[in-house]
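Both complexes shown next keep chain A, but they swap its partner, so chain B is in the first and chain C is in the second.
Presenting the complex of A and B:
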């Protein structure tokens, strides 16, 4: 029982990371109708940069994360302006191909700047808490808390603020939003800034919990999409449920069945949901 | 006039392919040409689902892996002759494609792409980890060539294999052309143009989408099997997501939704990385950049570019 609880907590931590990735993907998809496939690689760029700033420049972790977020923002906005904007009116296949090309470029950029070594972002958080027999490493607890705070902030931003309303308006009906005076040219930039910032945070979490290496970004973005497929498109609660289901399935599979096949089992869970509920767990039919 | 031009071009291309081994002096280029012909088969399949039906599938290399491993393992464990395993490999791949295609075709557009990508990851993980069957990362060596020991042809000569793959590629290209011209092919094209309308006039689109997906997988399975018996060595490395992206790139760069496109595109994706070799780790960036620029500036691929140029010449003349 304790063992199961232990794995569930591990699953919540990694699930939280997946939710952050998925939130970035779903807001971009809602506004631009683009599967922003390079998101995972951009997140890994953020993770790498944080590692680099901490280890090579000796900056404190939080300063490094802030700088990584800012640089990530610039990268995200550049991607929007230079790559996605030209194909905005093209067919969705073309937009997707551009996204694939971008993924290769960002992965290549990561290799060029940071090499192909596997790196772990060093943190001094090595204490271990014990609650009712379940051990929680300090770092994992902070990751869960940080993910929860970010998800909450994102929800409030999208639901309550004027900009958030504008984002939802463009996602619902672009033409009507233009008529209501929403500037549809700046909204994508705002959306890319926010989703990239969330992505960089997720990248830092992956980099400190596990490791960053070439190729991890692609796996991460696929997990992000899997979360959306699981939870149902376009809803924050759906993403949270999907992320937790995926993370916990993966952790339980790794703990009790096989760590080599944990991804296989997680994807099988996604396929199973697709067969029973094609609209996702929280999606409307 | 237009039909004639096409017929002339295809004949010229065929003659060119037949003469190619006689012209090539560097052995390595012959090797690359054989690889490119394998990719022609895989890309023709990719074109059926991506170019004609409008669904980007990212599992072509994974299906090539299934074809390569099933042909190899069937020969190894059941002592079947190579020609038979070459024919069985696409059938095994088809079974996997039906199982995976049914749930994944329930989601549309980008999400279909992502689900198929997840399949490619799954296939890769299984090939890597199921050591008893696939021998993992180390791979399988000593895969026999189609001729056996005492055949009519000298299979140890690369030229023999070149002509063998050429025949297969020509047949599969012809088959693709037939599929596209048939009623089924026309329905696939209408699914790409307006899937809702296809449903509205009483055609169950999912059957045709599944057909396109399974057919594309069978092409990949055959390509993988042909590849395995050429290299006589396989490991999971070349059946990953990156290679599936190559199949997509071949279709886009060549010209998606055309029969000539995948042929041109396949040679492009095999030879371009060789020429970019000087750039080393910069290669990935250049490759991605080529993909982005190609999609933005020539969305109809090389075939579309040539077509436009030809039309402009004709217009000027008249």
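Presenting the complex of A and C:
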């Protein structure tokens, strides 16, 4: 029993990272219909930047994260204005190609600015808590808490604020939103800003829990899209449930079946869910 | 007037001779300069460049009347078999290189070894530890690092002598040479009444090994054995502590202090064992090793990885072989000279010659094996492990 609980705790931490990645992707996809493949690379940029600020500039971790988030917000604006806005009214294939090009560009910039070596963000969070035989490393605990806070903040923002309502209105019916006076030109900027900032947070989590290195962002974005499909395209609760299901399934599969097939097993679980609920766990039929 | 003409002719002859004496010899390096295996490949490439500079500064390689200055052409094979094949093809076909060094990783090295016999080139393998590389009787291939199972058997004996009966293995077991290390380890452990209670694996890009470690924790082992690249191994050591696994941790990784400390704290590393060939560790290094460590650190601003001297030593072995063969063009003669070579004075690793030669009939060199332990932030050499190079060489000759 303790082993199962431990595996679930293991899975919740990595699941929290998947949720943040998927939240960014699902808002962009749900509202703008763009498969933003560069999201993983942008996340890695956030992690690299935080590492750079902490290690090279000697900033405290929390300050470095805040700066990285602000940079992420600005970067999101730039991505929308410079990369996606010019192809907004073009065929979907144009945005698709832009997304692929952007991925390569951001990966290249990461390589140029931060080098090819794996980096780990130093945190000094090395205590370990034990509750009833289940151990929780301090860092993982903070990652779980931070992910929960960000998910909560995102939910409140979308559900309770005027901007959030406008975002939902554009997602549901763009023409009706225009008729209701929503400025549909600013919504994509807001969406990309928030999405990128969430991605930066995920990058920081990956960089402190594990490591940041070239190529990791690509793997992360694949997992993010898997969560999207699992949870339901465009659904925020779906991203949360899907991310946690994927993280926990991976941990249980690696622990009880075989670590060699953990990805296969996780994706098999995803296919099984889709066979029963093609719209995803929380998607609308 | 006649004297002046004679003098002019003499000067012209002398300058022609001097010009002829100063030649350039291109040598190639194919290694992982980027990607996950760069922790091994990049230091190897750096080591070859440093050795080449030292050789050039000392007057180059002397062949007859000529002095050859070495020029290193290095390509990134990313430890990928296809990339490595392409790199070596480029070196041979486009750059006209006849001597190719580096080769940190077994998959990429095996791919090149499969076709090198038909090429007019000599391949000097470094850190790649897959046994089959030197069982194929390839006359133009030698390797400075001993095969993984040679070390695995020694490690199994050592762990058994520590009294451990139940050992859990966590490794990159889909990589052939890591699996062969564990197989040899298990054989010796079984002889002493011990057993491997589980073999958990991870991918070379994996960084979260807590699911496997959680499973291992439930099995209550006496010790764990970690075999894999430095970075995932460092995460395993860190995550084992985080999960409260308080048993001796043994490994086969060959990482430097700096490489481990990028991931784990000194406290998380304290007490970890590395059971590997007696590679470069500053506290146990020979005079050459200390000088190598100093020169490398000054030149590249970072400490060398323990396995990087395999490539440094390749360069000096090649120098001696070329000088012994007296040619840079007759590749077969240089390859033959390598097999007859005594251990060069300049090498860093402490080789165990077989019948007085650095490389045995299979083209394989041997170092002793050693047990290193992490103590107060450093790898400390604790003791030699059983290392019967002659017996292993005979065994290697029996394998097809």
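As a working rule, the second predicted complex is superposed on the first by the 284 of 285 C-alpha atoms of A that agree within 3 Å, B and C clash if a C-alpha of one lies under 4 Å from a C-alpha of the other, contacts with A are read in each partner's own complex, and residues count from 1 in each chain.
In this section, contacts are C-beta pairs under 8 Å (C-beta built on N, C-alpha and C of every residue); 3 or more make two chains touch, one makes a residue touch a chain.
Please read these numbers as outputs of a predicted model, since none were measured by experiment.
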{"item": "Touched partner set for A:60, first chain B, second chain C, both or neither", "value": "neither"}
{"item": "Touching partner for A:118 - first (chain B), second (chain C), both, neither", "value": "second"}
{"item": "Which of chain B and chain C A:226 touches, first, second, both or neither", "value": "first"}
{"item": "Partner chain in contact with A:152 - chain B first, chain C second, else both or neither", "value": "neither"}
{"item": "First, second, both or neither for A:128, with chain B first and chain C second", "value": "second"}
{"item": "Chain B versus chain C as contact partner of A:260, first or second or both or neither", "value": "both"}
{"item": "Which superposed partner A:97 touches (first chain B, second chain C, both, neither)", "value": "first"}
{"item": "Touching both chain B and chain C, residues of chain A", "value": "219, 260"}
{"item": "Of all residues in chain A, those that touch chain B in their complex", "value": "29, 34-35, 83, 86-87, 90-94, 96-98, 100-109, 111-112, 218-219, 222, 225-226, 228-229, 233, 260-261, 263-264, 267-268, 270-271, 274-275, 278"}
{"item": "Chain A residues touching chain C - in the complex, by the definition given at the top", "value": "2-3, 6-7, 10-11, 14, 116-120, 126, 128, 130, 135, 137, 140, 209-211, 213-216, 219, 250-256, 258-260, 262"}
{"item": "Contact set on chain B toward chain A in their complex", "value": "50, 54, 56, 103-104, 106-107, 109-111, 113-115, 117-119, 121-122, 125-126, 128-129, 241, 245, 248, 252, 256, 281-292, 295-296, 299"}
{"item": "Residues of chain C that touch chain A when the two form their complex", "value": "34-36, 38, 174, 200-203, 205-212, 214-215, 217-218, 231, 235, 239, 241-244, 262-263, 265, 267-268"}
